[in-house]
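The same chain A turns up in both complexes below, where it pairs with chain B and then with chain C.
Up next, the complex of A and B:
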């Protein structure tokens, strides 16, 4: 297993370097931040002084060298916009996103296992058709529309939930529901498909003939074999959420990493953008390694491949 | 080799993940401020902004996102401009006089204290001015109001401040109304996020990313404001801001558009912004006066305001609105005359002007509500008049490349979608930068217009009003460097629990002292 982890970490290092290079150079292609940070009536001399003070007058290669040296010292620079260390802004926003993404994916996976297995247990039954229709609708739902409608119905019309914010447990309901709906729809379909195949396999008949209960047959035997495809899709969906749920964060005022990255891009706040992308990329690589390790746990063929 | 039983390991992992998430959930749920249960009960006014202030740095208070929280609430200036009358009023200075053309003396208010208990005096005022004007910390107010003007500031005694300029500056007291006063203990080498001021409110808690709470300063020199506290939150989506007022989560929401659905809570106010198209008059076919006149005739301003802006706005003919020194009462909006526009383009074409050269409208997404739709209407009108116009919508920074010098090379003739707000109340803050030959935002000017602008800048009193109005008249008749569209209207949502009358300065300066509990 350690060999497996070493290999995966080594193979993640190259894309990480590409990400660092890419975000640094692409951000600087978007224009000179002095236009944004100085008033329209600022003189050309003021703009030149600003550029010099922040090193934007240096060749890109020199700026990149300075940036790399800073990163190795774990210094991500200071936000041009908020005059605080970029790392503070990122480390404040990222946990908020992780919590939202984590809560969403746990609920989506548990819900999809129950509903998908229920639908697969009696293919083409009424339950299966209802589950298929619901999951297809959920997977196709535009999140911004669902979010706004949710606010209008549950906050404004009924007054059951707050419109937005993070101050109370009730404030989590609409953001999580909005984020949940699409992964839930997709995962129900994946679990259902995998479970239909698993439940018709010969070993299920063997288990039943040995007198195993239906719950054990479905969740003990069939689900374990149906899990890898669902895990693959759940992993991709989780990575998408960890990357920032921009729509949900913007609508509900959730202080997460997606909103921070968008603001940093629009405001050419390079230090914060670079730090946010770096932290997110490292997390996604770590997440992928965890998912691969889960494969190894679930599938002995993968495990054997890992240990040989 | 894996030796732990798989089931137990998976269960442990799930348990650990669940614990982590639930702990995290609690931390987010508990990290916000105490939920407020209505403004009346807590005597707190709840305000929802479009964005979090980047900082509350007083020398950046000319930035909208900073100024509407900081100015006149946390910090104060020596003077302040009444947005309804345009008159300069005493604030931390009680009076001022011009002893010589380059010298102003300010008498400072006595008995004023900063939030940390230290006394306000001339030394503090001198420090604050030196920190904001011409320093190395990139203060926004320096470029916005002073534009390279050098000041020499001297504390004569505790209550007397002398300010000397290199050249005569008739509007120095007005410029200083933008310099917020901070104590000498404030960093002179870097910006501060949470300043100390003399204002009626002090910062109680800034929970970055979530909320900001100000509380009444018991040692305030003036009349105590009615609300004991103000709580700011921020939501990027306008419809959510409007919904927060409807669902009693906020008392006041700013920066709304007609489609945000504020309903009965909506309050309209002139926001001091004027929308216009800057004509790139140095390049053919826009270098021909007939073409520029045709562009002005071709735009149906009344139709644009009525249909695209949902009636919010007033067709305009100049960038300097009423109430600002230099406004010309003689200038009326160009009349809509599609036939005249066609005729002028045809005349120019017959005279050899390449009227079929593609012209690009450089638009900016979100510069005002329905910005893209407005440009589509303009594009259609100009194409019908006989020009060949396309649209390119950009984000702010890309758009700024076209707005500010040095302009992009090989860009071809452009019409720039722009909006100008003169918050300072004097045409000097419009004319030079927008219409001067070398203005930061000017792609075209004439020596005659430059002379008229300079005459306005050097004049004072009634002569200043007359000189700037003359420059504007000349621009409108003989230069026609832009197509002014409308004086814009802002919308905010106000709950029935609070009374507040917005004014032309509300977008940039939202005084909590002007807000009162209803009834």
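Up next, the complex of A and C:
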């Protein structure tokens, strides 16, 4: 297990450097920050001084080298806009995104397990058809539309829920619901498919021949066998959420990483943008390692590298 | 192989099974009747698709969703299990009726340890603690001849060979000392030397626990070696029953005789193997009268007009052939 983790961490290092490089150069394509931070009337001397102060006068390669050296000392630079350390801005925004993503995925996974298993229990039954229709609709729902309609109905017309904020429990309802709907729809379909296969396996008949009750058969025997595909898709969907739910965070004024990234791109705040992408990338790599570890926990054959 | 005393522990009475198919419902098992006593082995003999596995699954209540019992009774100690509620049936699954499936490679759950799977009957039926159930699992593994059971109780199915997995399945089925054990082609997936060991184990356990064994097979040699009685199935019908020695020596149904004539052991080198001409009927269009008549050398007009039923054809034997008397002189 430890060798397994070490190998996975080592193989993540190279893509991580590539991500840093990509963001570093792409960020600089957004334009010259001095256009934004200095008055229109600024003289060329003032611009040169601004560039020199922030190191923008150096060749790009030198800038990148300096940046890498900083990052290795865990120094992510300062925000151009607020002069605070970029790391502070990112670490302040990230928990909000993680909480939102966490709450959403836990609900989506639990919901999908129940609905997907229920649908798979009797394929082509009325329950199955209702679940299929609902999940297809949910999976194809545009989240920005759902968010705006949610605000319109529940916040504006009915006044039950606030339009933005993170403090009250009610403020979580609309953002979580909006983010939930697509992953839920997709996961229901994946769980259903995997459960139909698992429930028709011979070992299910054997379990029933021991006198196992239906709950034991479905959740004790079939679910764990059906888990790997659902885990793969759930991991993918979580990555999408950790990336920053840009649309939802913007609509609901959620102070998360997605909102921070958009702001820092618009402000050409390179240090903050780079730090935000780096932290997100590390989280995603970590998430993938966790998912691989989950496969290994679920199935001893993965642990032992058996191919059958 | 003793002639056991008393009444049969399991009586299957005119059991029928229907299957829904895209082109309509077909009857896969037609009014099948047989019975078996404790400590006795009955072989259900027939070729693929004759309904023998379907019969077994109907008895233990594990038919696929497309199939259902269309009539008849399955009496275990006089109680018709088909009329019981699902929870009453679950209580019988293990101590009453148990089954060993044919494919040992897929019949064990790949993500659970064999110990957990063997402990499950004790957990469910005897409400034993995890520790106590695990101890019983180790004892079971030891009984069926798994080497180093205490060390291997935490291993997963893929770490066992095919023969060992079949032993585990037998252990599982015998865990709660069932009154009736059904074994559905328990050795088809195994190589020949292992087959013999598995059959020996089944026979030992049957005798030890005084269970009734129903052996489902297409293998005439297995029937000859293992069974006391045999019921021959063809296209969903039982066509002949009797003691194995009697039936094999003097078959009283042309299908049984065809099967016995196809055994290669009695054919000299260079001569053509005998076989039954044609193939079994499609269940969608079973012909009128006798299902076997199209392949039968003895078929006459009456065979198309009247469906033969099982009639007494000598002491302790039955035949579903209008002309069974013509076969008695061989």
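In the analysis below, the second predicted complex is superposed on the first by the 305 of 308 C-alpha atoms of A that agree within 3 Å, B and C clash if a C-alpha of one lies under 4 Å from a C-alpha of the other, contacts with A are read in each partner's own complex, and residues count from 1 in each chain.
Going forward, a contact is a pair of C-beta atoms (placed from the backbone, for glycine too) under 8 Å apart; a residue touches a chain by one contact, two chains touch by 3 or more.
All of these numbers come straight from a predicted model, not from anything done at the bench.
Colleague: Under the stated touch criterion, which partner chain does A:83 make contact with: chain B (first), chain C (second), both, or neither?
Modeller: Only chain B is touched by A:83; chain C is not.
Colleague: Looking at the overlay, does A:156 come into contact with chain B only (first), chain C only (second), both, or neither?
Modeller: first
Colleague: By residue count, is chain A touched more by chain B or by chain C?
Modeller: B
Colleague: Quick check for you: in the superposed arrangement, does A:299 touch first (chain B), second (chain C), both or neither?
Modeller: The second partner, chain C, only.
Colleague: Which partner chains sit in contact with A:209 here, chain B, chain C, both or neither? Use first/second/both/neither.
Modeller: A:209: touches chain C, not chain B.
Colleague: Looking at the overlay, does A:253 come into contact with chain B only (first), chain C only (second), both, or neither?
Modeller: first
Colleague: In the superposed arrangement, does A:53 touch chain B (first), chain C (second), both or neither?
Modeller: First partner only.
Colleague: For A:70, using the defined touch cut-off, is the partner it touches chain B, chain C, both, or neither? Pick first, second, both or neither.
Modeller: neither
Colleague: Looking at A:136 after the superposition, I want to know if it touches chain B, chain C, both of them or none. Which is it: first, second, both, neither?
Modeller: The answer is neither, since A:136 touches no partner chain.
Colleague: Quick check on my understanding: which residues of chain A belong to both its chain B contact set and its chain C contact set?
Modeller: The overlap between the chain B and chain C interfaces on chain A comprises residues 298.
Colleague: State the interface residues of chain A toward chain C in the complex, per the touch definition above.
Modeller: Answer in residue numbers: 122-123, 201-203, 205-213, 216, 221, 224-225, 298-301, 306, 308.
Colleague: Which of the residues in chain C come into contact with chain A in the complex?
Modeller: 60, 62, 65, 87, 90-94, 98-99, 101, 103, 106-112, 120-121, 124-125, 156, 158, 169, 172-173, 175
Colleague: For chain A, which residues are in contact with chain B within the complex?
Modeller: Contacts found on chain A: 1, 30-33, 35-46, 49-50, 53, 81-84, 89, 92-93, 95-96, 98-99, 102-103, 106, 148, 151-152, 155-156, 159, 162-169, 171-172, 250-253, 255, 259, 266, 268, 296-298, 303, 307.
Colleague: Residue numbers of chain B touching chain A in their complex, please.
Modeller: 1-2, 6, 9-10, 17-18, 20-21, 24-25, 27-29, 31-33, 35, 54-55, 57, 62, 136, 138, 140, 142-144, 147-148, 190-193, 208-210, 233-237, 239-240, 243-244, 246-247, 249, 395-398, 400-401, 403-405, 429, 433, 440-441
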